[in-house]
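Labels run A, B, C and D following the written order; every chain starts at residue 1.
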Amino acid sequence: MFRRILIANRGEIALRVIRTAREMDIECVAVYSDVDARALHTRMAHVAVPLGGELPSESYLDMDKVLAAARETGAEAIHPGYGFLSENATFARRVEEAGLAWIGPPADAITTMGDKIVSRRAMTEAGVPCVPGLVDPVDDVETAIREADAIGYPIAIKAAAGGGGKGIRIVRDPSTMESAFRAASGEAVASFGDGRVYLERYVDGPRHIEVQVMFDAHGNGVHFFERECSIQRRHQKLVEEAPSCILDEAQRAEMGAVALQAGKAVGYRGAGTVEFLWSNGSFYFLEMNTRLQVEHPVTEMITGVDLVREQIRVADGEPLGYGQDDLSIDGHSIEVRINAENPFEGFLPSTGTLHNLRMPGGPWVRIDSGMYRGLEVGLQYDPMLGKLIVWGRDRAEAIARMIRAIQEMNVGGVHTGLPAALQVLQHERFVNGDFDTHFLESLDIQSPPEHEGIVAVAAAIHRHRLARRRALAPSDAARDGWLARNRSGTARHVERAGVAGATEGIR
Amino acid sequence: MFRRILIANRGEIALRVIRTAREMDIECVAVYSDVDARALHTRMAHVAVPLGGELPSESYLDMDKVLAAARETGAEAIHPGYGFLSENATFARRVEEAGLAWIGPPADAITTMGDKIVSRRAMTEAGVPCVPGLVDPVDDVETAIREADAIGYPIAIKAAAGGGGKGIRIVRDPSTMESAFRAASGEAVASFGDGRVYLERYVDGPRHIEVQVMFDAHGNGVHFFERECSIQRRHQKLVEEAPSCILDEAQRAEMGAVALQAGKAVGYRGAGTVEFLWSNGSFYFLEMNTRLQVEHPVTEMITGVDLVREQIRVADGEPLGYGQDDLSIDGHSIEVRINAENPFEGFLPSTGTLHNLRMPGGPWVRIDSGMYRGLEVGLQYDPMLGKLIVWGRDRAEAIARMIRAIQEMNVGGVHTGLPAALQVLQHERFVNGDFDTHFLESLDIQSPPEHEGIVAVAAAIHRHRLARRRALAPSDAARDGWLARNRSGTARHVERAGVAGATEGIR
Amino acid sequence: MKTYVHFGDRTREVEITERLGELVVTLDGEPCEVSYAEADSHGQVVLNHMGKSYAMSIEGTPHAMAITLAGHRYDATLEDERERAANLAARAKNKGGGVVKAVMPGVVVEVLVEEGQAVEAGQPLLILEAMKMQNEIGAPGSGTVERIHAGAGDAVGAGDKLLSLAVADD
Amino acid sequence: MKTYVHFGDRTREVEITERLGELVVTLDGEPCEVSYAEADSHGQVVLNHMGKSYAMSIEGTPHAMAITLAGHRYDATLEDERERAANLAARAKNKGGGVVKAVMPGVVVEVLVEEGQAVEAGQPLLILEAMKMQNEIGAPGSGTVERIHAGAGDAVGAGDKLLSLAVADD
């Protein structure tokens, strides 16, 4: 087994890898940017190498610096975490050319799955169901009408030059196809100066369901069942759970088998996630994420398997040592992401310095977090500060437990999405399992007005006390000013930055 | 189900009960002494009632105050936690006389199990194996020799007036019985002014293994397998685990059955623990703890059952709803107690104000803790501040995970037993499962000297920095003084306070 | 002393008087029996009301506080009577108008309005790129664009002026 | 500047000199290449040495520190050369003697010695009950009991004098 590995990442995922590595008696090399000199991953590693720089491009994305750090410290393998270089085929190749083990899939698999059109072709050949439709644009109305019948309604007409949902037209009735086609290509010209459009089956009320797979280097592969990730907003998941309450045993097995097919088709090795769109009982391949997912803990909680440990084992050439029949689902797990964002103002990013951190605890509550008192949450990096994970014997117990855990928690200094997660968990539709990827966006996030009175009283008394204390000790005034700075504001995202309903590239 | 319950306790166990109650949508009434006005259990409850007073006798042990609080707040049931009034039969009766539900066993069961001699008789009648021996003193050498043969060697001669191990004589060979008997009663006279002694089989290299049982009000009972609690010192457990690595399936089932027998014999209801001494393949009834145990989490982790929820359900009259065959062991769990004590000075109590709390996290790490920054750890209450619990697929994984978790943790302001726990977990004998109740006391707790050099350098540089900073900002000097106060000292326990090897009354 | 606590456009009036060291509180004119205790000096407070206790975390300044209660967060702005009068006057002077500032460091991608142009409340004024994301800055109120302080391509820091609005009399 | 760091009866000598703002350190006379960084102002420090980093929590005063490293705890007392000389002199003056104080509030259960009695280092002097537990207070060094300040039944606070020892010349 490796004696020392380098973790080319930061934040909670770097800690996650360090924790398993420590348990495996493997030394960890952390790398860090100037901003992260005091970060927990820097402190918890056996060796910490400064990369310098503030921007990702100057640090965690700089292949030369990362590889140099590995060379200097004698690391034998590199774990990329998620994001940054994790899905960079060039980096994967360079790591192996440097004579190091790459704790990830083969570069070719990354390349294939990284390209929408190439992967769609590969999957179709492998017999993996994709959303019915055309890859190439249609030139005229006649072809469109003919193709539409072949694809089957409802049809989504999408601008070839578009993306981000602009210029999408939904057609549910053939009779309206012609007018819709003209309108769509007209809008496409207007928006992108390019009128070409293509057709695809429109997926109604889609749910985002993904399957966790793991392959060793000896042709063995298993899946660890599915995760339901439909509670999301603009490509950002907020609440994830496993298993999905919409799948029955038969479909669960089928989806798992299809996911393994997808992996085999690209000669996969290591941990990966095959994402599907589920709608009205059928599911379609969306994409494959060729790395560990943020939400992997919910899978660990219901299977008892440490996925990072498995990643490291197979990267070292060990066989899985178990088969599909050895795996089963025990209970239910939910994860809530703790993002620095303001759910009351359209989830705008929130910055500040963390203080008054109060973490929940007790039975079956797990915290994967890079947060610490004094952490300055800026805009350089992903706003995800950590994750709250619970396990319960069943979905109801897990929901109740997550609500309880969120109520125990406090993160001072920034806004977080926790109030939104709380509203989701307490929502009848979520409790009944009746939701799709549009659900979160349909909510108006607000705190229960019935408590505003008591809150107002508390705030007023607190102000009263502050005034008193300031009179006594000027130093407090400074502190208040400090807190004030940390509650600096937020901005509104441009609608065009995301597509309601589209779920490509979600992490 | 109850709408509101009162928790007649403090610290981590009060939080533990509040957490499950919240998940069951039951409101919680906390009670608190003057010392605990800011305690977490006071803050996390829906209602908090001050009992006043600083000493337990003025607060948590004052039945009238607790019952009054329940009456005022309209609580429908009382959960006693452990310690304090939890094993007080009078209180159990008064709770029920007050028309409230008692989340605990029937008063009679508490009474019976609370008396060593009465419980021993009851268990013997019920066919539960007890340590062979006599309850009544033997008057003369002849009887002693005769009885000794009947009991079987090795024999322990104990002073009737004694206890605490004083005046115990171990006899392994009948030929030395006479001299030993005279010496023992002589010593008994000297120590207690009462020469009466009684005989008991001496249990060699005993392990403390206990079985968790749960009975509903309808005659159904199950056991949740065993916990191994042999890592203890002077009636204080430090490391607990489930399952025990010394039991095979057959003996596990046998011990579980015997535990259920014990409970049935006293008409038990609710959660209880039957403690056994295990030695060379046979086990003997020690005592039954008629309440929830500190170490209950390790049982929860391997069975997936929330024991507090079960306590509340059966107290409300619900049937268990499952049988023994529905329960099984999944993986392995270890708990380490976080006590304010100095393991380098004979585990003397340590007092101070908590700061620099850094809690571990990540996969399968659970924290049940009443700690918060600013908590003043005094001498009024039990020194246990919280518990660290981990789960692993097997014992080796659990040990590695607990070591990792302890290494992540920091508790500033007081000494804790964590370094001792770390030394136990890293000890070859513990790893091999080769230990008994004397193991912990046999260890010389010390931190690895090979790091003293680097630590010395850090300390010297830190001092250098402090001097600098003090020159700049006098306020820091104050802070250092404050820290210093918090590291106030400890005292040495009197050896006579405990018995090496005796495990009665351990919590 | 009266304090006006605003949650967005909703306002609660809290009056606090101290009698013999005891706080006497009214909420929107109604008497409100409460006891208030600070669990620490960092804004962890416990408020008892009608036999229930509410543990809250309060952070911020005397004028803007964030209160967290059982996982829910309330952002409140506070004024006493004097401040309220002053603020009302200020608002009257330029309702919704004034200077629009950058709330985070970034780069101006595009200015969507021109000087002299009339804008509606919430209408996009310009696009600021920060965190690899395009953020749209809307008008705080309806009025006219008086001056534009930043142009496309400009890097701005938090607090920098972006543009000034004059309010249409209505 | 030289600092003597004592762990119980083991002592390490650390010399720190600052050259061009850089710390130059020797440990027991040997050069020791380290870099030292504070993660916060509460004693979370990271020390790099021979290509490894050691994260430690340090608390205490310049004279007595508790250092936690990967779950292990080290209690150290520190002296510089001047302090060392002074302390040596003081120790010489009354080796092991001086005043025995209560380290925690409690009640004196029993005094096990008499004034004038000779005692060995570690010999039980009296029993203090605290935390529902009997704690035995031992002699810090061998000598003679000079005065007894507290009697059986007395309640004492932390820091209160219990008895004074005079040291036997040896």
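Basically, a residue touches a chain if its C-beta (ideal position, glycine included) is under 8 Å from a C-beta of that chain, and two chains touch if they have at least 3 such contacts.
Just so it is clear, the model here is predicted, and its values are computed rather than measured.
Shared contact partners of subunit A and subunit C, listed by label, are B. With A-D and B-D as the two chain pairs, more C-beta contacts join B-D. Comparing mean CA positions across the assembly, the chain most remote from subunit B is C. One inter-chain figure worth recording: subunit A and subunit B are separated by 42 Å, centre to centre, where each centre is the mean of the chain's CA atoms. If you average the Cα atoms of subunit B and of subunit C, the two centres end up 51 Å apart.
In this assembly, the C-alpha centroid of subunit B lies 32 Å from the C-alpha centroid of subunit D.
Shown for subunit C are the residues that touch two or more other chains, namely 44.
In subunit A, the residues touching two or more other chains are 44, 358, 372, 403, 407-408. If the chains shown are joined wherever they touch, the resulting network has some other arrangement, not a path, ring, star or complete graph.
Of all possible chain pairs, those that touch are A-B, A-C, A-D, B-C, B-D.
For subunit A in complex with subunit B, the residues that touch the partner chain are 15-16, 19-20, 22-25, 44, 297, 300, 304-306, 330-331, 358-359, 361-369, 372, 393, 397, 400-401, 403-404, 407-408. Against subunit B, the residues of subunit D that register as touching in their complex are 1, 3, 5, 7, 10, 12, 14, 16, 23, 25, 27-28, 32, 34, 36, 38, 42-45, 47, 49, 54, 56-62, 64-76, 78, 103-106, 127-128, 130-131, 133-138, 158. By the touch criterion given at the top, residues 37-38, 42-48, 73, 372-374 of subunit A touch subunit D in their complex. Within the complex formed with subunit A, the subunit D residues making contact are 37, 39-40, 44, 46, 48, 51-53, 55. For subunit A in complex with subunit C, the residues that touch the partner chain are 344, 348-349, 351, 355-356, 358, 379-380, 383, 403, 406-410, 412-413, 415, 418-419, 422, 447-449, 451-467, 480-481, 483-484, 487-497.
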